[in-house]
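Several structures are given next for inspection.
One chain, subunit A, appears in both complexes that follow, with subunit B as partner in the first and subunit C in the second.
Up next, the complex of A and B:
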C-alpha cells in the first residue's frame, strides 16, 4: 500500500486477500471488517486465530486466505504469535529467510477471547512489546457457541446466558469492559477502534500503524445478524448507527495519547440503535424499561462529556 | 419405528422442526426422540436434525443414517455433497422437498426414484408469517406424513414455539401457516423395507494415521469451490441504467464477491453470493433489486 491516505471508498485497493465461500453467516460484520483489514495488511502475513467464528473460515480442505494461518486455543493466540514472530526472527538471523520475505504476524480473535480468556496473554505480549497486529472483532458475545455473555456484552442486552426474565427483565446487568483503556494503559505504540461501516478510517489507521514496531492493536465493533437479531441486509446500517449514536467512538492512541478520528456532528439517540435489534427488544416491550434506556443514554453522554466533546 | 431426518440451512429452523414433530408425536401418544447434529453451523450452512417416533420404547440412539422420511427444507441441499439428504433413505421412503415445482418435475430434475411430496413452504412462510423461517411449516408437513393428528400438532407448536417467540401475533401466524401446510399435504402410508435405495453410494472412510488425517490445508484461497451461493433466498440484481459506478456495493459486500464487467459495471459472482443484500441496502441510487431465488437448475441468468 502506498503512503497516500485513502479519501473515499472508490480508492480502496482492489486486491482481495480473502476469497468468498466461507462458512461465516450472510451479512457478518466481522467478515466485512476482516476483508478490509486484509486489504490493508496485504498478502505477506501469518494469521494466528483464536478459537471462535473465524476459525471456521478455514475448514479442511478449504481456506479463504492467500496467506498462512494457524489455529490456537482461545486463551493463547498472542502466545502463538510470539512463537511465530520468534521463529521468523531466528530464520532471518540465521540467513535461512530473506528479510525481504519477512511476514507480518497478525492475531485474530473474538471478544470472548480478547476481553476474557486471552486478556492475560495479550497483556503479556503488549508488555513484551511483541511486534504484531492484533485484531479483535467484537460481536459482544461468544458468537460461535450460541451467543453467550462475554466481558464485551453490553448492559441491557439479551445473550444466551442472560435471557431477560421476570426476576431480571433487563437481561445483562453488567457493563461492557473497556478493553481500549485496559490496552491503552500499557501505552502500546498504536491502538485504535475501527468499524466495518467506516472502511476509509479503518484503512488509514492500518496505514498509520505500519510505521510502528511493537504491538498494533485494533478493536472492531461488528454487527452479528443472528446474535443481535436483525436482517443481514442491515449490517452496515447498524455498524454506522453504533458510531453515530456515540456508542462506539472511533479513536486511536499513539503511545497512550488518545485522539478521536471521527466525531458525529449531531449524536443520534441510542434508542435508534437499540430498537433495531432483537437482543434489546425486551427494553421496549411489553413495556418500556425507562430506567435502563435512560442509563444507557446517560453512559454514552457521560463518555463524550468526559472527553469534552459534549457540553 | 419411523425415522425422520430434516435437512435445512442454519436459520431455517430444522432443529426446531424436529423438536416440534417430536413433541407432537409425544402428545399423540407415541414415544419420541429428537435432536440436531451440531457441527460448524452458521446461518445458511447445512444443518441436520432427527426425529424417531414409535409405539414401542425407543432403544436406538445416535444419528439416523437410514431414514424412512427425509424433509428437505432447502432444495439446493439435494445437490450438496456435504449434505446429501437422500443418503441412506430406505426403499419405499418418502422425500418432502420445499420447492415451487411439482413432485414429478422434482423427481425428474433430481433423479429421485422415491415417493416425492412438494410444497413451496418458503412462499407460504413469506406470505403468511412475513419471514423465511420454516420450522413450524416443515414440522407440520412431517407430522402429516408421519400420521400425527392435527390437535397434537397444534398443541406441540404452541408449547415449543412459545418458548422462543414472545410475540403473540407472530406465534399465531406461525401456527396458522403450519396448519395450512398440514392440510395441503395428502395423507400417505409409509411402508419401507430395511433395504436402502439402490442409487445410494455410501462412502466408508478407512482409518488413517494422524499425519495423514490431520487437517493441514496446503491450498490457498480455494473456498469459492464451496459455492455458498446456494444459501440465498433472494438474489441481488443490478440495473445498469440506474447504476452510477460509485463502487459502494463493491466495497460493502462482506464476501467480496462483487466484480466489475468490461464496462466497469458491478456484478455478483452468484456462485458465492450469500444473498445478504447489504449491496442493495447500501446502493445510494437503488440500482440493485431483490429477486426471489427460484433455484433453477439451469445456470441461465447467472452472469
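Up next, the complex of A and C:
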C-alpha cells in the first residue's frame, strides 16, 4: 500500500487475502472486518489466534488464508505473538533467516479473550512494546460457545448467561468494560477503534499504524446475526447504526493521545440501534423499560459531552 | 572439559548455554529461579548470545516458548510446581504443535498446603501431555540430560517437547562436582537446529494447531504423537551411544544399581534414589540381595527395559514421592501396568514417602525390606503403606495441640 490516504471505497486494494467459503455465519461483521484488515496487512503475515469463532476459519486441512496461522488458546495469543516475533528477530539477527522471509505478526481474538481471559497476556505484550498487530473483533459476548456474557457485553443486553427474567428484567446489569481506555493507559504507539461499515476509515488506520514499531491495536465493533438476533442482510446497516448513534466512537490514539476520526453530524437516537436487535427486545416489550433505555442514551451522551463534541 | 562445583540449577543453566539456545522466555518461581537468573546474567555480560524475555505468567511463558519453537528457534524455558500447573493448558498445546521445546522443571509439592519441599506430583501430572520426561538424580545428569533432550526433541522421528526434571532443594541447591563439557564437543553432539517440520516463513504459508472436525482426525494426530513418543526410545539409544562416545558418560532409559543378582528391588526416581542406593548397600551388608531400579524416563515409559531388569526378581517395592489422591502411588500403577502380563512377575509393593520433601529414614527403608521379605514368604501383598516415623508423628501431634486441633 502506498502512503497516500484512501478517499473512497473504490480505492480499496483489490487483492483478497482471505478466500470465501469459511465456517463463519452469514453476515458475520467480524469476517468482513478481517477481510479488510487482511487487505491492509498483505500476504506476509502470521495470524496468532485465540479460541473463538474464528478458530474455525482453519479446519484441517483447509485454510481460507494466503498467510500463516497459529492457534494458541484463549488466554495467550499475545504471548504466542511474542514467541513468534522474538524468534523471527533473533533468527534474522543471527543470520539464520533471510530478512526477506520476515513476517508481520498479528493477533486475532474475540472480545471474551481480549476483555477477559487474555487481558494479562495482552497487557504484558503491550508493556513489552511487542511489535505486532492486535485485532479484536468485538461481538459483545462469547460467540463461539453460544453467546454468553463477556466483559464486553453492554448494559441491558440479553446473553445466554444474562437472560432477562422477572427478577432481573434488564438482562446484563453491568456496563461494558472500556478496553480502549485500558489499552490506552499503556500508551501504545497506535490504537484504534474500527467498524466493518467504515472500510475507508479502517484501511487508513492500518496505513497509519504501519509506520509505528510496537503494538498496533484495533478493536472492531462487529454485528453478530445469531447472537444479536437480526437478519444477516442487515449486518452493515447495524454496524453503521452503532457508529451513527454514537455508541461506537471511531477514534485512534497515538502514544496515548486520542482523536476521533469520525463524528456523526447528527446523532441518531440509540433506540434505533437497540430496536433492530433481538438481544434488546425485552427493553421494549412487554413494556418499555424507560429507566434502562434512558440510562443507555445518557451513557452515550455523557461520552460525547466529555469529549466536548456535544453541547 | 572443566570440573566445577555446581548446583543443579546452575548445571541446568550450563546445559542451556552449551546447547547455544536462541531464546528463553522466563518467569520466576522458587526453587527454579536460580536457573533464569544465571542465564540472565550470562546474557547481560555478553557470555551467552540468546534472546531473553521476562513474561507475565507461566501460561504466557510456555506459549511464547512453544511459538518461538514453532518459528524455528532453539528455545528453552523452566518452571516448577504452581508455575507448571498455571501453564498446564499450554503443555498439551505445545506438544500438539510437535515442536522441540526443552523445559526444566524443578519439582516442588503442590498447594494446598503451600510448601517449598519437593515431590513429584507436579511433573507427574504432565504424563499424558505428550512431553517426554527425563528425571535426574545428580547435577551432572541434569546438565547432560538438557543436551540429550535437545537431540531427542529435534530428531524428526520424535519432534516432541522434553521436560527435564530435578528435585527442588535436594538437587536444585546442592553443589556437586560437575564436568562442564567444551562447547566444540557439544557442537559435535548437538548441531545447530535446522527445523524441517515446523517453522513460519514468508515464502511458505503454513497453518499450525488448526482445528479438526471429527474424532477420526483428532485420533489420527494423537496416535501420531504416541508413535513418535515410542520412537523416542529407539532414537534415545542412538543419542545415548553418541553421548557416551563423545563425553564418556552413559545414561540408559533406566538406571540399575546392584541389580545383577538382586532379589529385592526398590523402585525410586530422582534424587531420593541416592538415599535408596545407600539403603540397598546397607541391606547388602546384612546379607539381603537388594538392588535399586531408577526409571530415568517416565514418558515414554521404558516398559521393555523395566521388564528385562525385573525378570526373576522376587519382590519389588515402589516408593512413590507422589500421591494420586484416591488411588495411591502413580509410579506403582505404571509399574503394575508394565508387569501385569509377565509370567513369573515379582510381587509388587507400594509405599508413599517423601511428599513435600519429607525425609525417608533408614528405619523406613529397613521396614520396606522387611515387608518385601515377609511378603515373599506369605504371598500376601499388603495395601499401600504411607511412610511415617514415630518421631514425625509425635511432632505433628504436638503442632496440632498448639493449634488447638485434635
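Quick note on the criterion: the second predicted complex is superposed on the first by the 311 of 311 C-alpha atoms of A that agree within 3 Å, B and C clash if a C-alpha of one lies under 4 Å from a C-alpha of the other, contacts with A are read in each partner's own complex, and residues count from 1 in each chain.
Just so it is clear, a contact is a pair of C-beta atoms (placed from the backbone, for glycine too) under 8 Å apart; a residue touches a chain by one contact, two chains touch by 3 or more.
It should be emphasised that the depicted structure is a prediction, and the values quoted were computed from it without experimental measurement.
K.L.:
So, A:95: does it touch subunit B (first), subunit C (second), both, or neither?
P.N.:
neither
K.L.:
Have a look at where A:22 lands relative to subunit B and subunit C in the superposition and call it first, second, both or neither.
P.N.:
It touches subunit B, and subunit C stays clear.
K.L.:
Going by the contact rule set out at the top, does A:56 touch subunit B (first), subunit C (second), both, or neither?
P.N.:
Both partners, subunit B and subunit C.
K.L.:
Considering only touches as defined above, state whether A:235 meets subunit B (first), subunit C (second), both or neither.
P.N.:
After superposing on A, A:235 lies in contact with subunit B but is clear of subunit C.
K.L.:
For A:66, select first, second, both or neither according to whether it touches subunit B, subunit C, the two together, or no partner.
P.N.:
It touches subunit B and subunit C both.
K.L.:
Determine, under the contact definition given at the top, whether A:83 touches first (subunit B), second (subunit C), both, or neither.
P.N.:
In the superposition, A:83 contacts subunit C only.
K.L.:
Does any part of subunit A touch subunit B in one structure and subunit C in the other, and if so which residues?
P.N.:
56, 58-61, 63, 65-67
K.L.:
Using the touch definition from the top, list the residues of subunit B that touch subunit A in their complex.
P.N.:
The contact residues of subunit B facing subunit A are 10-11, 40, 42-45, 166, 215, 217, 219-228, 231, 246-248, 251-257, 269, 272-278, 280-282.
K.L.:
Across the complex, what residues on subunit A touch subunit B?
P.N.:
Going through subunit A, the ones touching subunit B are 9-10, 12, 16, 18-29, 31-32, 35, 53, 56-67, 196, 199, 225-226, 232-237, 281-282.
K.L.:
Would you tell me which residues of subunit C are touching subunit A in their complex?
P.N.:
22-23, 25, 49-51, 53, 55-57, 59-61, 63-73, 75, 89-90, 93, 97, 192, 200-213, 217
K.L.:
Help me check something: in the complex, which residues belonging to subunit A touch subunit C?
P.N.:
For this pair, the touching residues of subunit A are 43-44, 46, 48, 55-56, 58-61, 63, 65-73, 75-76, 78-84, 86-91, 94, 96-97, 100-103, 120-121, 123-124, 127-128.
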